[in-house]
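Below, chain A partners chain B and then partners chain C, in two separate complexes.
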Partner chain A sequence: MSAPILTVENMDVSFKIASENYKALENITFSVYPNEVVGIVGESGCGKSLTSQAILGILPKNAIVEQGKMKYKHVDLRELKDKDWRKIRGKNISMIFQEPMTALNPLVTVGKQISEGLKVHTSYSKDEMKKRTIQMMEKVGLPRAKELYKAYPHQLSGGMQQRVVIAIALIAEPDLIIADEPTTALDVTIQAQILALFRKIKYERKSSMIFISHDWGVIRNICDRVLVMYAGHIVEEGTLSEILNNPKHPYTKALIQAIPDHRKRGIELFTIPGKVPSLQDRKRDVCPFADRCSHRFDACDKEVPKIERIEGTHAAKCHLYTKEAGLHRDYTNH
Partner chain B sequence: MEKAKSIPFYIGVGLIVFLLSVMVISIFYTPYDPNAMDSANRLAAPSMEHPFGTDNFGRDILSRIMEGSQTAFIIGVSSVTIGLIIGFLLGAIGGYFGGWIDEVISRFIDAMLAFPGILLAIMLIAVFSTGMMNTIIALGMMSIPSFARITRSSFIQYKEYDFVKASIAKGASSLRIIFQHILPNAISPILVAVALSFSGAVLSESGLSYLGLGVQPPDPSWGRMLKEAQAYIASAPWYVILTGLAITFLVLGFNLLADGLRDKQDKKA
Partner chain C sequence: MTTPIIEVEDLHKFFKQARKNSLDKNKYVRAVNEVSFSLCEGESFGLVGESGSGKSTLGQVILQLIKQTSGTVKYRGKNVSSFTKKELKAWRRQVQIVFQNPYASLNPKKSIGWTVEEPLHIHKIGDRVFRRQRAIEVLEEVGLDHSFMDRYPHELSGGQRQRIAIATAIILEPEFIVIDEGVSALDVSVQAQILNLLKKLQRKYKLTYLFISHDLNVVQYFCNRIAVMYLGEIIEIGKTVELGSSPKHPYTKGLFSSILSIEEADELKLLEGDLHRFSNDIEACPFHDRCKFAMDICQSVKPKRQKVGNYHEVGCHLYDIKNENKESILKVN
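Moving on to the complex of A and B:
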């Protein structure tokens, strides 16, 4: 495999609340390779969005990256000065926001907002910028691009607004696009259209994507590889089929079991008991999922499991699979 | 209901437009030379010849009020411009960047606010002497804190918005975000402040001139006219009343404009 575009190694992110430090992300390690779509799944509050914000350096004010490495190709993102950051944001790594309503400036025309990426990163003439902007608008499926160029966001429907947000992220032709739940705020039919657009982007463009979602249907549709996150940890990673067909971590298994399906009609849907512990209630130095896990045993309350390679690209962070604890147990796959 | 609410706004606009046209006309035409004295016609009551009467030197009051409107507008516009530019920059920088720089700016503004505005102006004039230019600077300084505070609070609010984060994610510079993205959104409270401090400046100039600290002769000023008129309040009441009305209308016009703008803005939110 070629060199990764993005590598994140042992990254910890903490929130400072009332002079107390709360770890929100722990030991995040993953890579994104050229032309692949990496999905990040997990319940709300697991740290999916925080991970993406940390990569782009746009964390909320009271959150800090405590340790770890983040590299875009050979550039160390944590060492970047503001000026150099600006050259990377939008041009090399761009972001698609969840809520098109709030991600667009209500008082700036759509065309201006899309072409801003070109204004900042290129030295094209005004006409060239406009031409490229309109081309991009057509590419993301905005009808009557020339007219809409002068429209304000409120004149567009939700689906069209999201297309604008996508056009903004694509305009400077980045190698890595981070899509933070880009379909969550849309209704189902529009979701399907936007997903189709993402698939088109994936096959037409040579760029990698990090696709954050809590919707397995969306993930299944577009991702090559999947990271499963729980309470600030990556608990399992693998290719889409490894994760879907052969999940290892009890959390992943439970998540997949909880996907609604027409074959499950009439049967009560499986749910995971309890909820993701809030930042203040998280226990340190134990398996983060132990409290909700149906396979809990003594090792789970003693230490955080290390991520253990199961085979090839497939790895899980669970004591059932660690050498110290799990291998001695007689555990059969369900 | 919607119509009824905006009536004060239109009255305000009407007053301002009226006084503005008086000001423009006075540049080219006044019924008499505002400084021409006529000792035979001192303190004449309003008549066909002198609609607003004459003052203690026999000068035509209407012509002087018209001429004075120029001073009022020049002082209002210039001092608001000074206050707006400096106040906006201070507020925008403090609100957007936060941290120590915001601390420094906020404390500076607090310090300015600790002085009553007019006292600050008097102090500045006492140091730099009287005159049109110094009056403008002093009144401009006086309006810095209100602009800075309004701008700062809008910037603190808007910098947390997703569209600002989205522009950071595009690679836009802070300057670009401040002027292209946040400023258009923050403009309406700033406009209200502009209207309010315009009327404040006109009023303060009149006050300063009344105390003899503002605009000096030969520049005409409503405040100084008021001071002169005071001596003849019993014998020539029209002098003080008409001059006072001119000030009142201008101040009222801008206050109504500010109120109307605020109503419109509240309706939007």
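Moving on to the complex of A and C:
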């Protein structure tokens, strides 16, 4: 494989709440390679969105990156000043948010919002910008682009608004796109259309993407590689088929088993007892999943497991797979 | 099949257009249009469709939370719109609703105990001691202990709030519950907990559910029968097994092929376009402008629902008896 486009190494992010420091992300390490779609899955409150905010330098005011490295190609993202960030956001890395209606400015026409990226990052003439904007609108499947150029967001349906948000993200031709639950607010039929658009973007433009979702169906249909997050940790990573067909971490297994579908009719659904602990209730220095895990044993309450390579690109952060707990290795065969 | 608990006949609900939007010049929105179906005791009936198809409006009209424009809703053979105020209140003990957003449906200023006890207050059941005792019982039923009585909604997670909403709905021991996107806002693992809880309660109290959802995976898991709504009309209805494995209406086909499963799947078949604004073109098939198989007749005559299987009905001209080409047309798909 060629050099990664993005690398994150041992990143910790903390929140300051009432003068206490709470670790929200711990030891986040991963890379994104050219033309690769990396999915991040997990329940709400596991740190998926926070990870993307840390990468883009748009963390909430009371959160800081405590340590770790973040590199986009050769640029150290932690060193960037606001002025430098403006040159990178949109042009090199861009972001697509979940709620199209809150991401768009209701008072500005769709055309203006899409062409803003060109205004900031290029020196095209006005006519050229308009021409490129309309081309981009057509590319993302907005019908009657010339008319819609002058429309306001509220005149469009949810699916069309999301296409506008995607056009905004793509207009300056970034090579890394971070999409945070981009189809969650949409109906299934529109969701399928938007996912098809993302696949087209991937093949035509060779862009890389980080695709955040809690929906395994979405992940299954777009991602090459998957990171599973739980309570601020990456607990498992691997290729799509490694994760879906051969999940190792008890959390990943449970999540996949909890998905309802028609084949499970009449069968009680598998559930994970309890809930994701809130930031203040998280225990330090033990396995973050121990309290909800059906395979818990003494090692789990002694230390945080290290991420252990299982095979090739497949790795899990679980004591069942660490060398110290060799006795339990036979679990891998189940 | 057993006796119907709810019968809906030719139900209509039109809303007046509040202001004229440049894209839509109609005076009325036909949110529910010519809807007829019945619900059997003890079943879970799924109502699916895209946003704006009229699912929630239908659920609320059935409970008489909004009045219909025309048509009847019968509960155990009795016409609910002819109920007096007193009868309506008595009937409300039997029917309940659980809403989608557990963050919006609980009063933030009232303790959980107050919220769960409120239905008993309204119907003047028992004294203070009994009400508190009963509330604790119901909380335990939904998997929460008595310590929740004195807590407030902001202290709870989404899953816990939804349990409270369910506790409030079952405290009067109703027979029929409308669950309007009741698990949509929850994470998968919590969603599974709530679905299991609903199943358990159904077995225990012989509940009948009208389960409104846009999530076809959940509906196919949870429901015995499914009705598909499009622009206010039920265009297909049938047993989950039948409808799920061989949907007939071109819209249902598109909808079901948009389901994202974690299993290996064929390339998704895309349904073009999106749900149009409600049109006043009442003579046409509601789906004709998005349909790949639209024929001349679809623009001039609205199809009637007709049988295509034992309990399976579809409203589409492709299944008209006279249409001899239907098999060949559908095979191309």
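Assorted remarks:
As a working rule, the second predicted complex is superposed on the first by the 328 of 334 C-alpha atoms of A that agree within 3 Å, B and C clash if a C-alpha of one lies under 4 Å from a C-alpha of the other, contacts with A are read in each partner's own complex, and residues count from 1 in each chain.
As a convention for this text, a residue touches a chain if its C-beta (ideal position, glycine included) is under 8 Å from a C-beta of that chain, and two chains touch if they have at least 3 such contacts.
Quantities reported herein were computed from a predicted structural model and do not represent experimental measurements.
With both structures placed on the common chain, the touch criterion links A:150 to neither chain B nor chain C.
In the superposed model, A:44 lies in contact with chain C only, and not with chain B.
Annotation for chain A, partner touching more residues between chain B and chain C: C. Residue contacts after overlaying the shared chain place A:58 against chain B, while chain C stays out of touching range.
In the overlay built on the shared chain, the residue A:244 is in contact with chain C alone; chain B does not reach it. Contacts of A:206 after superposition: neither chain B nor chain C is touched. Once chain A of one complex is fitted onto chain A of the other, the partner contacts of A:188 are limited to chain C, with no touch recorded for chain B.
No residue of chain A is contacted both by chain B in one complex and by chain C in the other. For chain A in complex with chain B, the touching residues are 56, 58, 61, 85-91, 94-95, 97, 99, 102-108, 116-117, 120-121, 165, 168, 172.
The touching residues of chain B, when paired with chain A in their complex, are 98, 161-163, 165-173, 176, 180-181, 184-185.
Only residues 43-44, 155, 157-160, 187-193, 195-196, 214-218, 220-221, 244, 254-256, 258-262, 264-265, 268-272, 275-276 of chain A touch chain C when the two sit together in their complex. Residues of chain C touching chain A in their complex: 22-23, 50-51, 157-160, 187-193, 195-196, 199, 214-218, 220-222, 240, 244, 254-255, 257-262, 265, 268, 270-272, 274-275.
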